[in-house]
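Look for chain A in each of the two complexes below; its partner is chain B in the first and chain C in the second.
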Partner chain A sequence: MTRLGQIFLGMILIFLYTPILVLMAMGFNESELYELPFRFSTRWYSALASNTELLTSGFNSIVLAVTTAVVATTIGTLAALALSRRSFRGRSLLQLLLLPPIAIPWLITGTAMLIFFFWTGIGRGMHALIIGHVALAVPYVVLVVGTGMKSVRADLEEAAMSLGSTPIHAFFAITLPLLFPSILGAALFAFAVSLDQFVISYFLSSPGYTTLPVQIYSAIRKGFTPEINAISTLLLLGSMTAILIFARFAKPGAPK
Partner chain B sequence: MPSRSGPNEASTPQRASKGARILPQWVSTTALLLPAYGWLTLAVFLPLLTMFLFSFMNKTPMGKAPIEFTLRHYRAFIDQPYLIKIATNTLLMGLWTTLACAVLGFLAALALVRCTTGARRETLLILILLPFWTNGLVRVFSWTMVLRENGFLDNIWHWIAPAAGSIAILYSREAIVIGLVHGYLPYMILTCYIALVTIDDAIIEAAQSLGARWWVILTKILIPLAAPGLISGAVLTFVPVIGSFMEPRILGGKVGVTMGTVIEDQFTQAFNWPLGASLSFTLLAVTMAIFATFSGVLRRGSGGTA
Partner chain C sequence: MTTVSVQNVAKSFGTMPVLRDIDSVFPQGTFTSLLGPSGSGKTTLLRIIAGFVAPDQGEVTIGDKDVTGIPVWGRNIGMMFQSYALFPHMTVARNVAFGLERRGIKGAEAAKAVAEALDMVHLSDFGDRMPKNLSGGQQQRVALARAMVIKPSVLLLDEPLSALDRRLRQEMQVELLRIQRQTGLTTIFVTHDQEEALTLSDRIAILDKGRIVQSGAPEDIYENPQTRFAAEFLGDSNFLTGTVESGGVRLPDSTLIQTTAPLPANGQKATLAIRPEKISPTPLEGATNQIAAKILTVIYAGPALSYLLQTPDGTRLKLFQANRDGTLLREGDTITLHWSPAHSIPVQD
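Up next is the complex of A and B:
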């Protein structure tokens, strides 16, 4: 019975990883039309190096993801502090309001943003993408940092303050260092959320400013070469690395 | 989600007296909350309200032509009967995907809990969840390499059975469901795993020692106890699936017409934003109804996953 379960898990892993590995392998296949048998070549990676369209959008994606991580982590951590250390009326409503950005299908959120940004004159492009991506990442930051706050004992701050420390000093001297792994984890999470985002970016990017997933999508629809596989491979490896580092930071005490 | 804890409550008066020298506490609480919630208001809540307003307009407000308000777009399902067929197809796509995810996800979670231990289980969990956090578009694209004619599966098939015809299924409903299952299966495994891992082994051993067959254990113990995980996994699969548009476009080709692609068309091709807005809102209403129905289960379930 145990054997059977392990074989089943193996099949699930094969199902999950086969397409990803095929995608990666095809980036190293010489044929332009994805023809088999496989002949190893790095020509698509060389071609990528001179494809300014893909490289620019890839650069945009990274800048956007870093900006999103910094902004979302800052404002999300502040909100998490208030939500977990203060008691006030309407707190559970505020916690409930974190859910819509996570739970509503991105198609709905994305088209709503498009309408609103058009209507108010905010328009599309980089600033619109930052507004949208940060909004998607903030709830995750509040949840991750809020979970981290549970393990930082409130009485440590109280002790510091009863010994004459100001609340702000107590925060920087006690809470922040203890909370740092959670905050770093939240930032990496926000980075990955932004880097993987396609639907919202699709509606908010302008012809002059697109992200890598949007560029990949238009390539898929218009016709493409294995260059797309090459850049997709790099994108997958990038977000996998971010998530693996996140998994290490977000679980203090997990086996290293 | 952050929870009320004892020491906080007890210390509030003391903190207030400390803070009162500078500012009342509500000022600093508001200052901490304002950036995040102000941002969410600007980027999510106001846009949703604006879209609601747009869904009643007679035309996309471009130029100077006067705008009239109408309920016409909410009658689209009556006026344009083909939408009913598309909606049915979308719901079927959601049901098949959710069903496949539930069966595979439950069994995989069960296998994780019953057949693996320690570091090996942890590694397997990370491996299962890793694809979930990579780019969904790229993963959908990767299935085209596997499913297309003369693709990966087709080649393996020809190697096994050289005389047989092609088994390429790209641009079909099956291809869409396969791609969607690939996208949401890790989540279902996680929610089922969280539910199953808390079941005490002693319950199962007791049932076995009393002579219960495996299917009695499965239907009377494991499935009922894992129900919260199954339900929250199902909701969090079904809701995004009925709102998907790039999966049906890429894997379904011409047969991939869903509510999602119809809505996308209104915004990118047909330029009928009010119709798009009203269809989006109809979809949102369905989503909210599903969440409301299962809110009790989800609240308990999300406490573990958050």
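Up next is the complex of A and C:
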């Protein structure tokens, strides 16, 4: 069994990481048509530096992902707190309604958003993308933070209050620090949901404002160069670093 | 040091009444147990005194101050929770210092108070540990130190020992009592464990269905329970029901049971409670209160022997005996029991 498990694990790693490694390597290959033999070159990185379309959309993607992470994490954390600590009318219904969006295909959500935004006059562009991405990311945040809340017992805040803390002080001194790893994890999740997002971004971006995945898609249709590999590599390294930092510093439950 | 009093308190959750007509005084320096089954309202009463729950009506005073409208953080209480509730992201010392910080006590003064509090619970060397590296008993001691260091006006304990195993629980009981006696702190202790209530308390208040059904010194309640519930919940009891007649209670099988306590009027129904250890398994020449019973089960528990008996009309009785000479009565034998009229206690159903 162990042997079989190792083989499976090996295969998973191979199928996940080989394409990515190939993509990264090809960014350093001199050939424009991805021809072998491999000849090391940084020409695509130099070319990327003057490719404003890719750079702008890459920059847009990151701004959008950070904005989504901040906004969705704030809203989602507050929602998770309310759902786990307060009792109010319609609580279980709200909790239930949070789950389906995760399972609805993005193509359907995207189409629905496009129609809805067109009707309501919200239209397309950066603001529409922010709204769309935040709406997509909030359920994930609520789930992650809500799970984290389960490990923060309500009587900890009560203990703090019995010692003289106001509810607000108890929240900042006790609950928030204990919840921090979950919140950070949720933010990362929201960031990834936004950065990854193609379908909804494709529908909601405007000619003047587009994200990297959308830009890459249209570039692929027009015929493309390994500059795409270069910018993908940069983006990948950026998000990998963020995740590794998170994994290193925010082991849930570990003492600080 | 402070007297705590609760006047005319009632509380409902939704349409469910949880507490009714609660009037109780917790005199300065006493150790009172709120004893009752789950759902009796004992925890809600404690939380009303603490300030976590606002009563629908009534008043709570701590010392001479009406605190009914004051939230928990303004009441200067010390509280221990069933789950210890230590802050997992802080060292033991910071846990203990938490309440001091809230009171603006910092630096050397705080460090000294923390050291004293940890010393009091014999954990002087544990200040730098994290709570998760302590045993359950040690965590409970830290929780006690944290509650005591702020010099609270009243110490409120919400079943703090129920998560500990038996040995540790007994140790902590001794510790708790020592510290309570040393500091003379008014203490209110919620428990469903009658043995714990008997061991620790100066006073016990028995709660049932949201009311205090009886309160007083443990020995008063034990010797003179007023209701069937109190007799059953604090200790074990046998019950005999019959009709009041010529100063005694006539059982259905026409035996007359005598009591020295006042009874209702002749012809009324009455229930007598008889503690199982107050019954002798022997006949006594000329004694009143003699009943024949068959031994159904013999339970040998080392220092104590207990017998399950059945009278001819089918009433089940329990009898406890100290194991003086190691001889046991035999199952299946029919014996004659007797007890003193002073030990038949009329109780309300």
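Please note the rule applied: the second predicted complex is superposed on the first by the 229 of 256 C-alpha atoms of A that agree within 3 Å, B and C clash if a C-alpha of one lies under 4 Å from a C-alpha of the other, contacts with A are read in each partner's own complex, and residues count from 1 in each chain.
Definition applied: contacts are C-beta pairs under 8 Å (C-beta built on N, C-alpha and C of every residue); 3 or more make two chains touch, one makes a residue touch a chain.
Remember, predicted model here, so these are calculated numbers, not experimental data.
*Asks:* Touching A:I14, do we find chain B (first), chain C (second), both, or neither?
*Replies:* neither
*Asks:* Look at A:M161 in the shared chain and tell me whether it touches chain B only, chain C only, both, or neither; answer first, second, both or neither.
*Replies:* Touch status of A:M161: both partners.
*Asks:* Now for A:M149: first (chain B), second (chain C), both, or neither, which partner does it touch?
*Replies:* A:M149 contacts chain B only, not chain C.
*Asks:* Is A:V63 touching the first partner chain B, the second partner chain C, both, or neither of them?
*Replies:* The answer is neither, since A:V63 touches no partner chain.
*Asks:* If we overlay the two complexes on their shared chain A, which of chain B and chain C does A:P177 touch? Say first, second, both or neither.
*Replies:* Second partner only, chain C.
*Asks:* Which partner reaches more residues of chain A, chain B or chain C?
*Replies:* B
*Asks:* Mind sorting out which residues of chain A both chain B and chain C touch, each in its own complex?
*Replies:* Looking at chain A, the two contact sets intersect at 153, 155, 158, 161-162, 255.
*Asks:* Show me the residue ranges of chain A that touch chain C in the complex, using the header's touch definition.
*Replies:* 153, 155-156, 158-166, 169, 173-174, 177-178, 253, 255-256
*Asks:* Which stretch or stretches of chain B touch chain A in the complex?
*Replies:* For this pair, the touching residues of chain B are 1-5, 7-9, 11-12, 14-15, 18-19, 25-26, 29, 32-33, 35-37, 39-40, 42-48, 50-51, 54, 61, 104, 107-108, 110-112, 114-116, 119, 122, 124, 126-128, 130-131, 133-139, 141-146, 150-152, 155, 182, 185-186, 189, 236, 239-240, 242-246, 249-250, 260, 263-264, 267, 273, 276-277, 280-281, 283-284, 287, 291, 306.
*Asks:* Residue numbers of chain C touching chain A in their complex, please.
*Replies:* 50, 52, 71-73, 76-79, 81-83, 85-89, 98-99, 102-103, 130, 132, 143, 146-147, 150, 156
*Asks:* So in the complex, the part of chain A that touches chain B is made up of which residues?
*Replies:* 1-6, 8-9, 12-13, 15-20, 22-23, 26, 34-36, 74-76, 78-88, 94-95, 97-98, 100-101, 103-109, 111-117, 119, 131-132, 134-135, 138-139, 142-143, 146-147, 149-150, 153-155, 158, 161-162, 167, 192, 195-196, 198-199, 202-203, 213, 216-217, 220-221, 228-229, 232, 235-236, 239-240, 243-244, 247, 254-255
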